[in-house]
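Right after this note come the structures.
Next come two complexes, and both contain subunit A; in the first it sits with subunit B, in the second with subunit C.
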Partner chain A sequence: MKLTTLLASAAVALGLAGGAYADGHEKTKVGFVFVGPIGDGGWTYEHNKGRLAVEEALGDAVETVYVENVAEGPDSERVMTQMALDGADLIFTTSFGYMDPTINIAKKFPDVKFEHATGYKRADNVSTYSARFYEGRAIQGHIAGKMTKSNIIGYIGSYPIPEVIRGINSAFIHAQKVNPDVEFRIVWAYTWFDPAKEADAAKVLIEQGADVVLQHTDSTAPQAAAQEAGNVVTFGQASDMGQYAPFPRVSSIIDDWAPYYIARTKAVMDGTWESTDTWDGIGPGMVGIGEISDAVPADVKEEALAMKAAIADGSYHPFTGPLKKQDGSDWLADGEVADDGTLAGMNFYVEGLTGEIPQ
Partner chain B sequence: MDLSVINPILLIAALMSAATPILLAATGELVVERAGVLNLGVEGMMILGAICGFAIAVETGSPLTGFLAAAAGGALLSLLFALLTQVALANQVASGLALTLFGLGLSALLGQGYVGVKPPRMPDINFGFLTDIPITGPILFSHDPVLYFGLLLVAAVWATLKFTRVGLILRAVGENHDAAHALGYKVVRIRTLAIMFGGACAGMGGAYISLIRVPQWTEGMTAGVGWIALALVVFASWKPWRVLLGAYLFGGITQLQLNLQGAGVAIPVEYLAMSPYIITIVVLVILSADKSAAPGSLGRTFHASH
Partner chain C sequence: MIWLEKRPQPSRFFAYVTPLLAVLATFLFGGLLFAALGKDPVQSIVTIFWEPLFGEFAFYYRPQLLIKGAPLVLIAIGLSLGFKAGIWNIGAEGQYIMGALFGAGMGLAFYPAESVLIFPAMVLAGAFGGWIWAMIPALLKVRFGTNEILVSLMLVYVAEQFLASMSLGLLKNPEGFGFPGSRNLQQYDSAHNAEIIAGSGMHWGVVAALIAVIFAYVLLARHRLGFAVRVTGEAPRAARFAGVNPSRLILFCLGTSGMLAGLAGLFEVAGPAGQVSIDFNVGYGFTAIIVAFLGRLHPVGIVLAGLLMALTYIGGDIAQSQLGLPAAAIQVFQGMLLFFLLALDLFTNYRLRFGRAETV
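Take a look at the complex of A and B:
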């Protein structure tokens, strides 16, 4: 008796849910899964700005929800499932480690659209999107190579994934171009967001003589460590981190997700959404270069801005040959430009970098 | 690989600073556990101390006031734990875990207006000419006051537990609360005070992270340090000097592995990253081979009528 009641009510509930879906709810619901807190001042902060821009642009037609501090891995599946069950039409999962969970959950909810940032696995209802951060890294590398006096540049890596390795290579190539003696010291933090660990890593690099610290982690802790050291140059990562300008932060890479988020949400509303792979850079405006502060000499600033313009109009590609891999084998011939496939899966250092990529 | 880039003097100075939050929290927890109470809420008290200290330091412009506020905040939160476990006789493990979750949530709420704010800096103690002595100068005489306070605290806790009547009573309560009660000691009152002491220490440990080590406020910034402090107390067999050793070992190897990475040492990074945990556990397990057991009444609920 009890069981039948239960089954009956379950059937009714299912029917109601199905009915609600068939009617089409009035608002388009967009979910965001964030890896850090929205107040991290970096990566997640910018994604959240994109979310707010969607709300502002589309007003009452849209409702957004987000969950912050979601651990990469199985826990994220729970969060995505909950969002899908709560009626989200479109879900942005904004960290590399959500790749497999996104694919798994997308299979279970074929009517929900998913967008995974920085990954490479797609499905009929899963798009991927990323920004060509390496274009910004090239400009950082140029400034860093010019600014360093000790010729030691510290680099705080998060995880050894293609996106991060691409950034290291791009920065190194352009630092070496203007300063052949430059040396990169790389510390892997194995976290996207852990202020204490990031601060420690920055301090260690500074103690080892680095007077420029680049970071590929999300918090502003390395900026604070550099500020305390006094004579160390840093760059804002993912967000402007302008509170540390004009020094130590002399420039930054800013991710601007707002136009993309608005366009994709509109596509869901119009029914024109399709699974795509978007990879935009400085040209389309997905990657911004934060104001280069006066701590940078005027001529260096000019060169950096010229490079930015050349990258934006497509006349210069940061990975242009001749380039060799770390082991000395040829990668790109003179004038040859790296193809997107190689870049997307980049798992090697270019010649001149020391150390090994953790496997 | 170029090991010459690692400066051992700076490394030792850095490890002392890196170990201080763990040291403060673990010393406090040691006193709590010696009184027979298992408080798993260290992480929660630390993070609450981190935001209380940060907020008050920013508002008043005085880091020292910040640390006092952090101690007060940690103690206040631990009072909740004392209320649950000593008065309401709730399960200590469950209450401790709840305290951690509560502390994490409450600190995130309190800290919303403090993201991206820069705290006033606590100056290092000026030892005058002592700082200029080669080697020992930078290692021993170049730190902030809280670091020295941590060392003094360990010594004070050790001396109090070993030589004083107060220490004897505390240990008696922890070893056998029924016997202590029969002797006329106020078990609940003594334990409540111990819990508050532990909370104050944990709060200061948290504030050390947000005010000195990082220094900024971000949600969840203690990132598991409280749990390491808890484990350290057990592995150190409830002995203050071993807590100090464990904390310095952990801090030291954490710093060393970052240094080795920077120097490009060809050990896989994964092994380097796990080394602080493994080496600290191994060393303390070897040390604890003597017959020092946990306090007899650890984690047991006390009520006078039982």
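Take a look at the complex of A and C:
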């Protein structure tokens, strides 16, 4: 086994050598710019797992480098430039705020490929990629609607951006479907990662009577707060957060970037890389649903898994009409499915949600 | 037995030497930290301090020192005036944000008109934004005797809420598909704080920082107001006898530091950062407090300290990427610098004595 792996990687390395020597270095160098610490247990943690998977899958043929805790703005430009100067062939920039910096630096290094997560600006050497997390939110909403006894579901939002609003809408639609009395309380934390603020937000929601707390922030602090409260259900965000299973964490949305990162790195190696826009969901495996624990009744678990299967094979779309906007105006007619353009820039709540999106 | 004896006069020698000693101690203990993490300590420190200045890609990193250092120096110069007089503006981060918002707002109000007058108007608006935000703790202190440390610090969080609100609402890019953040000022020629010579890192914020340094130097060394600042800090009672009006001094010190922080914010948002976004502020206002003290509250010292801090940031990122050092280790390293500086500062006012303490 070991010998074959060795030989296989040697073969890969040899196969590459010709092309790779031409641009001055042997290994394909892949850089990652992270917005949080790799130990955040959520967003950055999963991106870093993707990075490690690239190393594992492609072995000696690649070298990966990363910088964590990079502020959006000029600092991120400097880090990207530094990676490009140090010979990176491909750079993944893993936060929305890196969008303009990525485009700026990509202009200066036309031979380096860039991949920007969750943005909308592309160039010849800049691709964008994101995951359809709202698919996972639909399943969470379903479980949450079934599990709540107080009919109050708390939601910790990070920033009121389309990505997060989409998640709130998706979760709410599916919670309301199984529990018409359900009510969402939303707290905006204005951070992606701040355990103290996230814990405060969770506590506020629990005090307001929420017995299910959904989070769109990256730390495990809300899980800990729920555990302390004792009777509050949570879901892992971005990462499995399995250390809080089987209760309070009853399931999770897992970002699985590994297949994408490996495929894109390979594409750079064999020269087939092209600028694309990728938005994958449960079907292709970019969004994973963490194991639904035994704290969830068996029938609810079954329904949730059925919904997961239907979303995966494309027979069900979480945003299927009839749906109205919060102000009562029509959005989707019966059976109509939301188009990606509307979803990408979603800046309205669906009917039934209370409160306003902060402006 | 080892004991400390207060010096009759603060040692000038130690005042100048402690920053160097602090840097050396940081090298030593930082090196131990890096070694404990399994990295080559010498290589780590060389990467942080040598690579940006004299490494292969120094041509890129040297200008970056100016870009990273300019806001630190500009803010720290303002803070140092107040700190010298015992007036503690801890809220420069908030004034920095408000300067950026006022300045960017001024520029965006004219979009897409092009005129050479737009950028100067933005500079004035930025200075005003920082100034007015600092006037809140200043007036409260003068009128009601509130604590300016608390008020200015709390106003940072208020400013952050304004920033979020502006990024999501009033200043949001109408062509941004609903995403937060303003238009990019780098793509709006009249409002862009571009490099004066391309690739040099020299933008108007750097120029403003240099002017502020010269002004502060002249003010403290030659001007009556500078004398008032110094004497108030060193001997408040004497200052009153010398005819210093404490209220006016508070307004002046907080106002000036707010104005300079506002300018720093404006130059950053119109240049290197480019846009108002929720995470626009990255802590320059707080780091500048370290810079001010590291630089001994002296204008020239602040320039050196600002560049040193910028160097540790830039070198720290390089070390992360090239050597795989964790970001937290770099932060500890930066923290050590301030820690050792403050610890060694003791020797400016005290000296070590060995042997038994003599009883008088």
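Keep this in mind: the second predicted complex is superposed on the first by the 335 of 359 C-alpha atoms of A that agree within 3 Å, B and C clash if a C-alpha of one lies under 4 Å from a C-alpha of the other, contacts with A are read in each partner's own complex, and residues count from 1 in each chain.
Convention: a residue touches a chain if its C-beta (ideal position, glycine included) is under 8 Å from a C-beta of that chain, and two chains touch if they have at least 3 such contacts.
Keep in mind that what you see is a predicted model, and the values were worked out from it rather than measured.
Steric overlap between subunit B and subunit C is present once the structures are superposed on subunit A. When the two complexes are overlaid on their common chain A, residue A:180 makes contact with neither subunit B nor subunit C.
When both complexes are overlaid on chain A, the residue A:220 reaches subunit B alone and has no touch with subunit C.
Once the two complexes are laid over each other on the shared chain, residue contacts for A:110 go to neither subunit B nor subunit C.
Looking at the shared chain after the overlay, A:40 reaches subunit B, while subunit C stays out of its contact range. In the superposition on chain A, A:120 makes contact with subunit C only, not with subunit B.
Of the two partner chains, subunit B is the only one touched by A:203; subunit C is not. By the touch criterion defined above, A:356 lies against subunit B but remains apart from subunit C after alignment on the C-alpha atoms of chain A.
Once chain A of one complex is fitted onto chain A of the other, the partner contacts of A:243 are limited to subunit B, with no touch recorded for subunit C. Within the superposed three-chain model, A:322 lies out of touch with both subunit B and subunit C [touch as defined at top].
Among the candidate segments 41-49, 77-85, 113-121 or 149-157, the part of subunit C whose C-alpha atoms clash with subunit B in the superposed model is 149-157.
On subunit A, the surface patch touched by subunit B in one complex and by subunit C in the other comprises residues 37, 69, 160, 190, 358-359.
On subunit B, the positions that touch subunit A within their shared complex are 5-7, 10-11, 14, 18, 108, 112, 115-116, 118, 121, 209, 213-216, 218-223, 225, 254-255, 258-259, 261-264, 266, 268-270, 273. Listing the residues of subunit A that touch subunit B in their complex gives 37, 39-41, 69, 154, 160, 185-188, 190, 193-197, 199-201, 203-205, 207-209, 219-221, 224, 228, 243, 354-356, 358-359. Those residues of subunit A that touch subunit C in the shared complex are 31, 37-38, 65-75, 77-79, 81-83, 85-86, 96-97, 100, 104, 120, 159-162, 190, 344-347, 358-359. Here subunit C touches subunit A in the complex through residues 56-57, 60-61, 64, 67-68, 160, 164-165, 168-169, 177-181, 184, 186, 268, 272-275, 277-280, 282, 313-314, 317-318, 320-322, 324, 326-328, going by the rule given at the top.
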